[in-house]
């Protein structure tokens, strides 16, 4: 009886182990499937012109399909738009986000800082589609039109909480002795922050910025209501503009352009992958 | 004395964490039934490592190797099912570890619950009362049995953990510095308890408190750098240690 | 720069968070006001009518609230059998090993894939499978959307759960082993009870993620405005109706969409707040 029971318990234990291994491994299946599909279907679409030419019109694409030729054009308008809007959003979000993060790390006990901290969580958890609506109301309506500015404000609002959190967390894990040593040498708090603490936290903050960029670069919904999209390569910031994820959405909805989906997705995935690997590498060199 | 069959016997027991270094080197010793044996030595000498080998705690960590033999009632435990061994060899740790999600009552019975053994309500009540009485905790907690074990004081928690181990009626009870996290009064209670308990169970206790070893143990081991340097009657070891290293340790020149 | 000025500067910059969040709420409330005034707050929530015939416009959020709740709950159900093993694999069974690091990386990468690419994969790979299995004729629907949503929230649920599982003190586990428990019994009787509230809260946060997911759901849910009557039916979630119709809407319809946005914002805010508070409690305990 006893040994029978023991055998049963051991069998259950083994079963659990194998179950955990099996189901955990199964989680990798969708990743491989998604990456595989995007790579296999996308890699032969990548060419020089894919990166230098704007999206073809549906008519041109249709003609090419009828003639049995590959669709002309590429996603240059989207790449320019993404870079322009991300660039603007990053330039503003990084200094503001870092200063907010510094404020939170330095005043963690004050009531106001706790409110700011809570609001950071709130904003970070807000669905991106809602950010899109709000920026539409804030920027698109008063400016009477969709624009790159509106798009970059949306990206800015989404990046801000991510940068604040990573800055705050990196500063908080620095040893207190670092700040004390700086102050003991007679530096004031601002200077110690600027010359000692922030440089020490640089890697963590930089990683945070990279991850924030990689998080928002694929955002589609908020840009639909703010940047709208455009088939021209544009550098002006007050007109509608395209972005890589917006193009994917357009291609998805336009039967004539569906051949461009996978190339655009592959580009987006590779960019995100690169940012993540870079972030991981920087983190690895630090600790 | 030699005529009594040893309940526990180490035969060239070795424990190694990495391939190059052994934490316990070729320890051989026989432990008598219903005795208290103290294992002493400076920190890092392998005394806890040796103790943990007895209920196969090292099996939990894939990098640790145990070689040689450890015989429990003449059977080599290294080739036995860990669960079987651990049920017959109880263990009490340095810091009290009552399960925080269980009540005092459930903590005493945790061994049964964990082993999937079902008891009737009557059996449960009887076991809880017997075990808590044998660790002299019954009077203190009999009215709060449904409270969480973590709400007790450190000394009470440790006695609860001893009760938990005793509930399984083990042949051997291993104690890894059970009083080092406790105040002197709680320590005294536990020591008195152990002297009482040795009628039921064979106790192997790691301690770095020489006074404690002298007060409670009948036999003592002295370990140094993984080796068993000396093993014998406690009184004799303290009065005339055979080895220079034992002497140095006992006189406070080492460790 | 002297210390006083520095502190004032930091304070002023930190004011941006109340301003932004206040602005979000203000914009949503003022622009949703029309819809609530016209239909009544309660009727807007409970009406399942969504028609934009001019002159007889009727908008109600119930089908979309239902769609969101259905996709989210189904996603949660599909997610647990994978995220929990991942958490146990990383946090307990193969803790700190190389293979656990590999699995963590895989899960991190899953979190990094943009929602629109999940949508593509769901549409071009999963939808044909659903059709081939005869689960639903058009392939799109609540079930399809939730399946992909489940994959998307695995990383959020598992990495936080693993963190709590790792925090279970080794002393306690050894205590249970020393009484003769198997690993399964230790997991069930020690690890889960001790890490339980933390694991639970990580699922609350995963729900917060799933509620607002937009593109994936938009591409897979089938985009119909009726009340979904089964899990294989098509429908719309709150986020997907906004993504679908916002661009073309104006007047009362725009206001109604913004009202749905406000409701979604409030629901996610509450869920996230509850999750964060629970996590804080679980960390202290």
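Of note:
A, B and C are the chain letters, set down in written order, and residue numbers restart from 1 in every chain.
In the analysis below, a residue touches a chain if its C-beta (ideal position, glycine included) is under 8 Å from a C-beta of that chain, and two chains touch if they have at least 3 such contacts.
Quantities reported herein were computed from a predicted structural model and do not represent experimental measurements.
If you draw each protein chain as a dot and join the dots that touch, every dot ends up joined to every other dot. Among the inter-chain contacts, the highest number of C-beta pairs connects A-C.
The central chain here, found by comparing per-chain C-alpha centres with the mean of all protein C-alpha atoms, is C. Taking the mean Cα position of each chain as its centre, A sits at the greatest distance from chain B. Between the Cα centres of chain A and chain C there is a gap of 17 Å. Taking each chain's centre as the mean of its C-alpha atoms, chain A lies 54 Å from chain B. Chain B and chain C, compared by their mean Cα positions, are separated by 49 Å.
Listed for chain B are residues 83-84, 115-116, each touching two or more other chains. Counting partners per residue, chain C has 182, 185 as the residues that reach two or more other chains.
Contacts with at least two other chains are made by residues 9-10 of chain A. Chain B contributes residues 81, 83-84, 115-116 to its touches with chain A in the complex. Residue ranges of chain A in contact with chain C, taken from their complex: 9-10, 12-13, 16-17, 19-24, 26-28, 30-31, 33-34, 37-38, 96, 99-100, 102-104, 106-107, 112-113, 115-116, 118-123, 125-134, 136-138, 157, 160, 164, 188-191, 193, 214-215, 217-221, 224-225, 228, 245, 248-249, 252, 261, 265, 268-269, 272-273, 276. Of all residues in chain C, only 1-3, 5-7, 9-11, 13-14, 16-18, 20-21, 23-24, 27-28, 31, 81-86, 88-90, 93, 103, 106-110, 112-121, 123-125, 151, 154, 158, 182-185, 187, 208, 211-215, 218-219, 239, 242-243, 246-247, 257-258, 261, 264-265, 268-269, 272-273, 276 touch chain A in the complex they form. Within the complex formed with chain B, the residues of chain A that make contact are 5-6, 9-10.
Residues 55, 57, 60, 82-84, 86-87, 90-91, 93, 95, 97, 99-102, 110-111, 113-116, 161, 164-165, 168, 174 of chain B touch chain C in their complex.
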